[in-house]
Amino acid sequence: MDAATLETFTSPVILFFVLGMLAAFARSELAVPEALAKGMSLYLMAAIGLKGGVAVSESGVDTTVAHALLAGIGASFLIPLFAFAVLKGFAKLDTLNSGAVAAHYGSVSVVTFVTAVEVYELRGIPPGGFMVAVMAAMETPAILTGLLLARKAIDKTDAKNDQGTGELLHEVFFNASVVLLLGAFAIGMISGASGFSDVEPFFQAGFKGVLCLFLLDMGLIAARRLMDARAMTVRLALVAIFLPLVNGALGTILGSAIGLDVGSAAALGVLCASASYIAVPAAMRLALPQADAGIYLTMSLSVTFPFNILVNIGLIGALASRLAAA
Amino acid sequence: MDAATLETFTSPVILFFVLGMLAAFARSELAVPEALAKGMSLYLMAAIGLKGGVAVSESGVDTTVAHALLAGIGASFLIPLFAFAVLKGFAKLDTLNSGAVAAHYGSVSVVTFVTAVEVYELRGIPPGGFMVAVMAAMETPAILTGLLLARKAIDKTDAKNDQGTGELLHEVFFNASVVLLLGAFAIGMISGASGFSDVEPFFQAGFKGVLCLFLLDMGLIAARRLMDARAMTVRLALVAIFLPLVNGALGTILGSAIGLDVGSAAALGVLCASASYIAVPAAMRLALPQADAGIYLTMSLSVTFPFNILVNIGLIGALASRLAAA
Amino acid sequence: MDAATLETFTSPVILFFVLGMLAAFARSELAVPEALAKGMSLYLMAAIGLKGGVAVSESGVDTTVAHALLAGIGASFLIPLFAFAVLKGFAKLDTLNSGAVAAHYGSVSVVTFVTAVEVYELRGIPPGGFMVAVMAAMETPAILTGLLLARKAIDKTDAKNDQGTGELLHEVFFNASVVLLLGAFAIGMISGASGFSDVEPFFQAGFKGVLCLFLLDMGLIAARRLMDARAMTVRLALVAIFLPLVNGALGTILGSAIGLDVGSAAALGVLCASASYIAVPAAMRLALPQADAGIYLTMSLSVTFPFNILVNIGLIGALASRLAAA
Amino acid sequence: MIETVIRKRIEILTDTALQRRVTDAIDRAGITGWTVTPVQSGKGREGRWREERVMGTDKVLILTIAPQDKAMALAEDIAPILTSHGLLLSMWDVEVIRGERF
Amino acid sequence: MIETVIRKRIEILTDTALQRRVTDAIDRAGITGWTVTPVQSGKGREGRWREERVMGTDKVLILTIAPQDKAMALAEDIAPILTSHGLLLSMWDVEVIRGERF
Amino acid sequence: MIETVIRKRIEILTDTALQRRVTDAIDRAGITGWTVTPVQSGKGREGRWREERVMGTDKVLILTIAPQDKAMALAEDIAPILTSHGLLLSMWDVEVIRGERF
């Protein structure tokens, strides 16, 4: 374990996540009120969006940004195809659930991204502000691929599909986190550094502390779900580690290839590696109610999320540094 | 649009309000948990009260303060008479609902005031700390006038009125926002600047950021209500813009006339222009349940509130500056 | 009233508590949403735990710390015996309720401790960081003594006791506040001052402000419960003042005797003086449902808690200073 | 086998601002207790609403269990404000254990 | 004595994501209104869940009062998604005051 | 027309601290599931209370739908702690769709 990794494990942000998991495993009643957790998640999205927008208002937009956006959207569309093949081939999951799970891996986890940004800033390789826009752009394409894959399995006589499609498309494009991330990003771009300075004590200074409490809650929720998991198999758990490893490495390589700086390439890797546990599950409830939420939530939230936070963010950062040095 | 107005529109505080309205119009599911919204509103009132009290503990109390209080209380009593005439005469609203709506326009909106203070501070014309006390004093007199106007319309055989009156008077004088504003104001006066310095990082540094998130929520709520509005007419909407324009101008002139500094005169204008959407609706539910909440809430919250935030605060500030220069 | 005491009463922290009590006595509807109150209590525990851990990581652990821990645990076990005797002898309370109430006085109140730390820091006698660990250690031993005392009164044929005991022991050792306090303490020790600096703006700068709002809520709750109290007698109220006075003095003397610095000795006194109103009531619901919650909650929350905040913290601090000077 | 008795269960939906009036009426009817549960949103003749406690437009559901005669007395007592303030009342028979408590 | 009439009370437990579908169905059935109340946790065939709005696993309870025929029309209309989306529906007779409202 | 069957609906009001005991009893009775909803405040023999989760004085309402025999088994099982811990239980017949689920 090198010095940088060690530093990660002495960071309060990571340690609060570990505390949450331990408390849940010990069956402690510790819990963060839901309204507060929701509020912290709004805060984190508004803050990361604002900071990204301010950074872009300073640095300006160039072709690299456009490339990063295209790379992210492409990855979000394609990752589910790869995930689907692994899920069906190796984990023997049926078509319906494979499609549902695959959609999660193509999309992203905001908190994983936010944590990675903190870690990479500590290591001196801060990702570019535009990566926030990349993240927002990657949230939803995967849902479409996942549904196309899964729909093969669904009886064509299933009624009410039409109502569902309209609702779904709307949910996909105006989903709360996309709106807030992009909205705050735009506000950051419009206000610039001078406008931001007014709200900086709130959105900047408090950021890491809020992230601590939020990760405490995520640790509690992830571990509790793991203990209640019934539909999980060893093979599914392995897939939930294999996918972020491979997607993370490929995403980082892609980022380097299109000329992103070290931190941004690593951030693209983290976005590819992370799996959604908010936007995509909500869409699946609407579009694929027959799929088993016990499978996709447990995989993304209780296996992939902790793996990314505790191990993979570090690995991806190391890979990006090596690629840049090469 | 002059430079100052432009600066308003690049301020994150105002932009988050706009984001909230846009998100609601796009029917996004974005929402701030209610417990959090309530908490932010407590925070804003405690902070503004404290700051006002500390400012007065520094500046001391003179006759100007007494004049401002009297002017505010008088305005709160009288504005409903004017509003009532316009509502009946121009908008053809019945007596009952005209009285109910009129009460809202005589009272004040705390968030409008807080936003105005931020804007005027940016423009270099900060209102005096005692204006917080003026605001608290203006919250409730209008309720009495509004009820007197409306009660003419109510059947005298209506039972249970006596119980209602006691409850109502208590609600009017010990209503949560009056108690918190005046309580925090008193704490600020007692602690003074030295006592306040301890809690300053929380109540001062975080203030604008919290205001951003709170206005995001207000934008969502105001726009959603507007879309669901059924009882609104074009004439009522026009009144909801006409009243703040006229009341704001008159209040500012009154403030100048009694010798207030520029910022305080503008703040008095804003208080006259703003309409209550918390204390007065709650009182109307108890005292005038037959009045249509769809009318008074939509007017005050969905038309007057955004108009004040986006346009009128700027106009009033310009008027106050001009009066001072004259 | 000396200068230091006066300073206490001009501190916003204490004044917000007074405001809460006054608002409740005036039957104002002012209320802090429960999710927010819960969140603030998590925040305060995480912050105090972190700060304690960081302090210990700086100062190191010596035998004084071990002595303080032993003294605290011993006090928590023994105080209920004394309290029980007073409750039965003077207040004529029955065995069952005396045991239940006694358990509360052996345990501690986190907010009383936190407030005391603020007051003692103002006075220049900051308690040592390890006192947080002492507090966590004192939360639960008293529950066992209290139950042993009360169980004499319970019919042996009472069923389901076995299930209860397992649940109870678990609740006692993995209770949310113990887990969070000790967990945050451990995180503080691991991260040290350098790791803590990242999250300091959130956990340090905001601390006193959050404490203000939290004490506002505590004042509201304490006073409301007092007004609704039915099972209280004058003798019980006297006991609820006598116990913190005596326990506080004894605890301070004990702290001095084992060689603690002034602030830490006073803090031990405050821990002995304070009565639990979170962990112990929850345990009593499970283990002694026949005991009257109206008695133990009203005594600890509505009499002892305000007495400690407003009077006893000051007295204990003065005693500790005198003992150190002697 | 345990014994059950029949009681009326009454549920009243009301504005939070009026909660006190309803519970006072329950106390007046001599009923032993009541329980208040939260409400999130709804639709009625006046259109949709969401819980907006900030704005005083929130509601609660008050439930109480009582013997038939007291239940009718409560309904009788509360009928006038039911109409004027737009409350919603429904009631039905339930079985309870320990009937002497109600 | 006040008069009461018999209506059906229907309660439907559903994922929050599907709330809109259920209330649309209630509107389609011509019922005058509905009320949504929050839910904290539960256990069903898929195991336990806690309210985790962050994750979209939360549920609500929707209650509506309607005359018998409209209630049956609603049940009929909603039956397909009841099974596919795992909703829970129960209904029973209640007495209401001001029956003309429902 | 869809078919409905009759089941018992049981609602139990309990301290949050005892929630686990009640749901364990439901599981023991072989009932397929349960749902927990929040409670805000109330009044009983011990006076008023408000939800004060900070202080452990909060309560929840647990509802479960079961066939008659299992419902009675549950009531039987839970009766002792009903009295000692001051729980409140009421039950009534409801119609459900997809009766095989319960």
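Labels A, B, C, D, E and F are assigned to the chains in the order they are written; within every chain, residues are numbered from 1.
As a working rule, a residue touches a chain if its C-beta (ideal position, glycine included) is under 8 Å from a C-beta of that chain, and two chains touch if they have at least 3 such contacts.
Since the structure is predicted, the reported quantities are computational estimates derived from the model, not experimental observations.
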By label order, what chains touch chain D and chain F together?
E
Graph distance between chain A and chain D, where chains that touch are linked
2
Each chain counted as touching chain B and chain F at once:
C, D
If you list every residue number at the chain A and chain B contact, are more than half found on both copies (same) or fewer than half (different)?
different
Greatest centre-to-centre gap (Cα means) from chain E is with chain C
Counting C-beta pairs in contact, which chain pair has more, B-D or A-C?
A-C
Cα centroid separation, chain C vs chain E, in Å, comes to 45
Distance between chain centroids, defined by C-alpha means - chain C, chain F (Å)
34
When the centre of a chain is set as the mean of its C-alpha atoms, what distance in Å lies between chain A and chain F?
39
Which residues does chain E have that touch at least 2 chains other than itself?
37-38, 53, 92
What are the residue numbers in chain B that touch two or more other chains?
33-36, 38, 201, 205-206
Every chain pair meeting the touch definition is listed as A-B, A-C, A-E, B-C, B-D, C-F, D-E, D-F, E-F
Considering the complex alone, what residue numbers of chain F touch chain E?
1-2, 4, 7, 9, 23, 27, 32-38, 60, 65, 92-98, 101
Contact set on chain B toward chain A in their complex
10-13, 15-16, 19, 22-23, 26-36, 201, 205-210, 212-213, 216
Within the complex, chain A is touched by chain C residues 33-36, 38-39, 42-43, 46, 50, 170-171, 174-176, 179-180, 183-184, 186-188, 190-192, 195-196, 198-199, 201-203, 205-206
Once bound in the complex, which stretches of chain F touch chain D?
13, 37-45, 59, 61, 72, 75-76, 79, 82-83, 88-92
Chain E contacts chain A in the complex at 15, 17-18, 20-21, 46-48, 50-57, 80-81, 84-86
